[in-house]
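Should a chain be cited, it is by its letter among A, B, C and D, assigned in written order, with residues numbered from 1 in that chain.
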Amino acid sequence: MTTTIDPENLPFVSETSVSVEIETEGMILNIGPQHPSTHGVLRLVAKVDGEKISNVEPVLGYMHRGYEKLAEVRTYPQITTLVNRIDWVSGFCNEIPFIAATEKLMEVEVPERAKYIRLMLTEMARIASHFVFNGAYPLEIGALTPLFYAMEDRERVLDLIESVTGGRFHPNFNRIGGVKPAAGAGPATKKDIQDLPAGFYKETRDAMETILLACDKFEDLVGGNEVFVARTKGVGVLPPEVATAYGVSGPILRASGIKFDLRTTTDYLPYKDFDYDIPIGENGDCFDRWFVRLQEIRESAKIVLQAIDSIPSGPLQAKVPKIIKVPAGECYVRAENPKGEMGYHLISEGGLGPYRLKIRTASFSNISVLPWILEGVLIPDLLAIMGSFDFVLGDVDR
Amino acid sequence: MSFGLELIIKIATVAAIAPAMALALTIIEIKGSAYMQRRPGPLHVGLRGFIFPIAEVIKFIQKEDIIPTKADKSVFKMAPAYIFISVFGLFVVIPASPTLIVRDLELGVFYFLAISSLSTIGVLTAGWSSANKYSMMGGLRAAGQLIAYELPLILAVIGVVIQAETMSLVGIVEAQKELGLPFIIAGQGVAFLIFMVAATAEMMRVPFDMPIGESELVSGFLTEYSGIRFLLFYISEYINLFVMCAIASTLFLGGYHIPFLPEEWVNFYGPVVLISKTFALASVLILIRWSFPRFREDQLQNIAWKILIPVSLVNILVTAVMKVVL
Amino acid sequence: MNQSESNSILENLASIFAKTSNDYDTLKIYVENDEWVQTATKLKEEHGFVFFSWLSAVDWENEVSVGDPPKEHVDPSFEILCCLSDVSDGNFAILSTKIEKTNPTITSLIEVFPGSNWHEREAYEMFGISFVGHPNLTKLYLPDGFEGNPLLKSYELLTREVKPWPGEVDVEPMPESDISSESEKEK
Amino acid sequence: MPKFKLRVPGFLKGMLIVFLNLFKKNVTVNYPFEKEKVTPRARGVIALDEEACTSCMLCARQCPDWCIYIEGHKELQPPSRPGGRERSRPVLDRFDIDYALCMYCGICVEVCPFDALFWSPDYEYSEYKMTNLLHDKEKLNEWLNTVPETQPLES
């Protein structure tokens, strides 16, 4: 389409707006499964016009392990070991909703001390998961050192989890009806019921103090940096109604201004006995998503400190039959995972294993909003936005 | 001594100094950044890791040099040469003392600015010829960035030239000697900042390393290079760092001159002073590299066109007025 | 969910809809499959259930080749579940409808909740349920050349068939006959 | 324009933090030469106490990954009291754990009614070939002496 210029009133040359559309056909850029910043094996087929992305189509399934099918061939204790491998960054939090669902169906009353230990380890896993984000997100944007400081603080928390449960990533510490009672079930070991190791309280208090200091350091090192603020402020704004329509949950939803945290409505963990506030962001951009997670680390550290002071003593596991058969019934339990809402819809027909287990993971819905939010965005921003969604591919592909 | 012999000696010294300085800077960068991140860095290479760059050079030399099949072979092979030449060319004008200089050109500054813009061609051809979408984007980004930051570099240097009334680098250092104060204090502080920001962008170091943005473009125009070609890129990056800091210290920090040392010995302490000032500047750049994220493409251009150039023009105006007044 | 405290919303929900069940703190609303979209929009507009949590299906079958069959006889059909929740105090409701296996189709919720796009694609490839009105109903997880719907109860797990179960091997009985009868009993 | 309040520009604080870290002690452990202290409860490897095992097959059946292979037979044992009947006692022939498949969940250790399986925090048993990861009962017995005693507990 060319503009026709009539010779009489020739406009001043500089004002002739060349409205000839330079015909550029877009390029299909394959931000493939093997890419430094896709948090695992996610493939984005992006139609790119110069630097601007016209549309993005995520291709999933590279990490699909078929958990819902596996759950149908396993017994209940075996599923708890299977389930904490879904979101491996926060291993402990995946088991809680499944255990709560089975306990609800079996009407088992979990002792107080076991609930407190579960709550403490959930909050520690949340701190570990948010530290991975705190380290990896500035790496997406180009800052290389925060990753090392984040991993250093995270090691402290993982060592604590390992000293209690024996595993750093996959603790497998939950049993139906409470927490792992003893190293073995045999007569010799029955006597010494395992509990928190000696000196655990003191170590946890020091660790939480250093973590609170680390959060302030991160606020200066990353949040204060003008380049980081320039790269994340106002980038990838997610309005609240789009977030709820796509089922985005967790820190991303709270960053968009909705004060909704499943921890306030859970009844199987004693969150009501602690006072913590829920950080929310104002305009739902990448900076808010980063800042909400940083404040959540502080809240979780405070919760763990309060939990240590007020932990009751008592048994660790309720009376549960050796072979667990869950009575027929159906129930959906959801919990506040570090990534968002994680829920298990358990349909049991009284057999050794569940008839059908629907696993609702947070990152799957969080990612489904990516094609909407990545319209017309520059490539460097694509990474800033994707990084701020903090997803783990195990969570997405189940 | 005939001109030819003198030329050979000078070329030999430059050919010896440049890689040595590059290796020294690599050591500072790698071990320094490791300790900044509270890890020991390379340890088992020898001397607790301090001969790591030599090991790296040998590693790259014996590595296989892959040329992608669809690549534009001849251009692909020549690309590192452009950058290497442009970086080596800059050694001509760096004065280690009034006499210890390859060739004291009357238009030293003009020569320096002309040669330093040669590397844009090398980066662009490298990006284009490796037939890979990511490196093509890296190459185009590099072209945009280098050209955008040529201008503030030149305008910042003009302020110095006005104040020193000469274009030859030795003359500039002499001017600072009479003034008694290095130019960074005597009126050219703003120009120093602009020069350093523009130089960081020229060297494509963080926070301007969009062309080699590892998290997006895998490693920009360097993606397809390996073996000795990558080594040429790598070495010339560090020589470029040394040269830019050397020229910055010559123009702004008084080069080989220190106020209270005796004049006669300048041939002996001159190089040491210049190198120490250069390494100080380089370690500041290294510290910046490990504590800054990366700018986005359009922010990068905004800074160049909307902030650096206007400020450097104002700086020239102020210097010219001060020149007339004083 | 501590539904007991905030059961005011759930009470009037139970009253409005015909068939609901609320055991184990899970409110389930049974819906005919032609009112599937209207119920979702009603819940979204009137009751503030704006959060689209998830959508999936259950394959009710009597003889199953994987896991153990349902306790009492059940007529083979697909049950489609969709969980909606509000973002104020965390109440959620699960819409459920049954469709026969002969022609497994249902209208898609894409207009009401754009987020159901991927959930429906997953249900399509895992159960073979086709969603009318879905923009691009293609495979989400499975590679393109994959046939069959894995989450159906009739789809066996190959690895479990191929490898013999280590628990199968038993302690061989004693060579003499009289002892062997006693060990048979105690196994 | 947001109120422009004079404060130390953020990136200087960031650079100061990175610079101060230059002098702090390294946090990394130089693995082959320095070893990190492993917590006694770490689940490194499963050790087998051969005498206690009565090859009741419970662990092999409960293992989710099917990675425990057991074969045993029964033997007549001389009577404990003179004149008593010989007891038949199950003897273990083969007890292999395939560590290439094992996911360290610990169900076998818990479900064993005779305290034959224990956790030990030893983690240095990697092999060059995956098939060598199938360890027989002698190797599992060796690990028995790396099993720590029961540790003191919190109140």
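Of note:
Definition applied: contacts are C-beta pairs under 8 Å (C-beta built on N, C-alpha and C of every residue); 3 or more make two chains touch, one makes a residue touch a chain.
Everything quoted here is computed from the prediction, not taken from an experiment.
Counted by C-beta pairs in contact, the busier of C-D and A-B is A-B. Work out the mean CA point of chain B and of chain C, and you get 63 Å between them.
In this assembly, the C-alpha centroid of chain C lies 36 Å from the C-alpha centroid of chain D. If you average the Cα atoms of chain A and of chain B, the two centres end up 43 Å apart.
Chain D has its Cα centroid 28 Å from the Cα centroid of chain A. For chain B, the set of residues that touch two or more other chains comprises 36-39, 290-292.
In chain D, the residues touching two or more other chains are 11, 14, 17-18, 21, 27.
Residue positions 145, 149, 152, 221, 225, 227 of chain A are each in touch with at least two other chains.
Chain pairs that touch one another are A-B, A-C, A-D, B-D, C-D. Contact residues of chain D toward chain A in the complex are 9-11, 13-14, 17-18, 21, 27, 39-43, 52, 62, 64, 103-107, 109-119, 150-155. By the touch criterion stated above, chain D contacts chain C in their complex at residues 55, 57, 60-61, 63, 66-76, 88, 90. Chain D meets chain B in the complex at residues 11, 14-15, 17-19, 21-22, 24-28, 30.
Listed in rising order, the residues of chain C touching chain D in the complex are 163, 165-167, 169-174, 179, 182-183. Chain A meets chain B in the complex at residues 27, 29, 35-37, 51, 138-145, 148-149, 152, 221, 225, 227-228, 230-231, 378-383.
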